[in-house]
Amino acid sequence: MEIIKHSGRQDLKETARVEAFSDGVFCVAITLLAIEIGVEVNSNETNGGLWHSLLTLWPKYLAYFISFINVLLAWIGHHSLFKQLRNTDNFVMAANGLLLMLVALVPFPTKTLGLYLHGGAFKAAVIFYTAYFVLISMAFRLLWYAASHNRSLLINSITEKQIKQITRNENLGLVFNTVITLVALINPIAGLSLSFVMWIYWMT
Amino acid sequence: MEIIKHSGRQDLKETARVEAFSDGVFCVAITLLAIEIGVEVNSNETNGGLWHSLLTLWPKYLAYFISFINVLLAWIGHHSLFKQLRNTDNFVMAANGLLLMLVALVPFPTKTLGLYLHGGAFKAAVIFYTAYFVLISMAFRLLWYAASHNRSLLINSITEKQIKQITRNENLGLVFNTVITLVALINPIAGLSLSFVMWIYWMT
Amino acid sequence: MEIIKHSGRQDLKETARVEAFSDGVFCVAITLLAIEIGVEVNSNETNGGLWHSLLTLWPKYLAYFISFINVLLAWIGHHSLFKQLRNTDNFVMAANGLLLMLVALVPFPTKTLGLYLHGGAFKAAVIFYTAYFVLISMAFRLLWYAASHNRSLLINSITEKQIKQITRNENLGLVFNTVITLVALINPIAGLSLSFVMWIYWMT
Amino acid sequence: MEIIKHSGRQDLKETARVEAFSDGVFCVAITLLAIEIGVEVNSNETNGGLWHSLLTLWPKYLAYFISFINVLLAWIGHHSLFKQLRNTDNFVMAANGLLLMLVALVPFPTKTLGLYLHGGAFKAAVIFYTAYFVLISMAFRLLWYAASHNRSLLINSITEKQIKQITRNENLGLVFNTVITLVALINPIAGLSLSFVMWIYWMT
């Protein structure tokens, strides 16, 4: 009995530490999104010149805005998913590691989007960006598969209905991001606009 | 009864994780303020030349100093606000997300201020910087609106008087930062100096 | 009795804070791996040109991938090791500090590998990278020596068999990384490929 | 009674959150020390050329090594100091903020030391670096003054003897760092070497 309780506590700690580490990666990644934005050094700049420089950075602001919300929603999704877990195995750890690897790299497609949002390579930049979030959805789907196919990893109080609900949500996320990318292949602005619709869907 | 206790604990964990994530963003953002400061690489530098280079970086030191205190005060304010919450909803999460998005980007106006504090674009740099903190005050005000308009999100022990007190504080922060920006429109040095007065007000 | 319980709690807190700090270093280091990857700024880029630029970054993606997994495995290993500790002394703190110093610097060999993986200095880059992880294995081995040679630092429930098991694991990690480096001296591609084999060994 | 217990718990949480935030700043700052180290991009590099480049980075490795240990020792010192606190006031918060502001900026003197350790501005770089740690010692001394002059902020179990012991330690740290800087004014190498002696003193 004592052993069971002890082992129970160990398990709790186990999940807690994985969650804390994942939170840390989300947190550093989301804050690092900001460091790519910067005005050019030009010490002879006039007031008007600086305002102009700040305004022409709009593609970077937009890229920052979109990525910040995407990573924040991914963090909330990660949180909801881990609330259903009471233990992890190597498969969950590997799937979670893959997800974190993609999340930590979000500053890269963000920078690419910010640099090329206004220029000749606009379409390629948007497709690259939206396709990157298809990969993230796939990693989420894999993580949930790893967690849910082994019933002993889930908390006791979860119902079959709740499991199906989460499976449906993860599938939906993957479908949504794929549709956004397909739309971006035809019309990049329509693809990005669709992201906003998806956010409102998740939030309400 | 068991369910209530369990649900109570879940709620606690919920708020705790949002607070921890927010703390992490504040913490990484405040530390990233420092990475923009650097001397030019000049391997033939003499001792006197290096001292001269280090001294001419004073606008960056000043910008770092101002931003560090501003972010630290924002963190303390965020802390005080969340101490009154026992649960979050989507509106609070969105308002908090908006606030974090602005906090994570503070290194950008800081860098702008440090680059142009001593030059022809001085006025534009100060107005941009002070106006940025008007935005942050607005996000704080929105967060408190989201938290306080739904009484069930607040802790039980909070009194109507305390709620009004915090509302007044958040309004005051917004008014103060707006006044600083308006003063900076006329005289940038006076605007920045007013910030110091505000800090002493908050601290005592 | 009261004192023992109190001291027990203090000890717990002590180890917890060292673990939390170590986790933080692992977490920031693993996220910083990503910030070196970036496309060249070229505002006249065409869609085709951007795709080409993104494809030619493959050595950086590969270096990121390898390092992310290596740091993640190191974090898991650090976790397993600290689960056996109930207290620390100055020797453990120093050995852990040395390990963290090496982990925090992993972005440096990673960047080197990414820059020279495809070029004339390929062999030197791979040897430098693999030799760096021999150093990390040595730091792990030292940390375990520091922890295990003083039985009072370990948790009560650990058995002699478990201690030997961990010692064997740490030795094995050191031998593996040394073999990889020796193979890389002859054939760098074979050396890197061997890393993948090692990952599958650790994971299963 | 309930109120006292509740308030006691709140206080505990208060200190815990300040400690966690401070730990975060230490943790990010210590990891950011590493990002300044990098080889020059030169895609035509030969194996021999890369080894040569890696070797000529020795001043950066040395600067990284020295700063990592200094920040780690500062973290341990911060930890010991906060273990004696059960509550904070505005003065402690301000003194702690000042200390964190200096700690977060350590990558700057570190980079300066790494760039000029081997060159004509060697002396200026070492004096700047060592004088920076005099500032950090002063911030520690101020923090301990803020904490100890108000007995109600300290934990109940602390003795007058322990308070004097910590006061003596903080004074000693300040004296040590001042002596190192004074020695560096005459002979920079002797000044840096003295740091190593101080580390061994702290560790044993």
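Lettered A, B, C and D in written order, each chain numbered from 1.
Throughout what follows, a residue touches a chain if its C-beta (ideal position, glycine included) is under 8 Å from a C-beta of that chain, and two chains touch if they have at least 3 such contacts.
Note that the structure is predicted; figures quoted are calculated from it, not measured.
Q: Would the interface of chain B with chain D count as same or different, where same needs over half of all numbers used to appear in both copies?
A: Different-residue interface.
Q: Farthest chain from chain D, comparing Cα centres?
A: The chain farthest from chain D, judged by C-alpha centres, is A.
Q: How many angstrom lie between the centres of chain B and chain C, each centre taken as the mean Cα position?
A: Computed from C-alpha means, the inter-chain centre distance equals 34 Å.
Q: Starting from the mean Cα coordinates of chain A and chain C, work out the distance between those two points in Å.
A: Each chain's C-alpha centroid was found; their separation is 24 Å.
Q: For chain B, which residues are shared contacts with two or more other chains?
A: Only 20, 24, 28, 32, 35 qualify.
Q: What are all the chain pairs that meet the touch criterion?
A: The list of touching pairs comes to A-B, A-C, B-D, C-D.
Q: Spell out the residues on chain B that touch chain A in their complex, using ranges where they run on.
A: The touching residues are 10, 17, 20-21, 24-25, 28-29, 32, 35, 90, 93-94, 97, 100-101, 104-105, 107-108, 111-112, 115-116, 119-125, 128.
Q: Please give the residue numbers of chain D that touch chain C in the complex, ascending.
A: 20, 23-24, 26-28, 30-35, 37-39, 41, 43-51, 54, 64-65, 68-69, 72, 75-76, 79, 203-204
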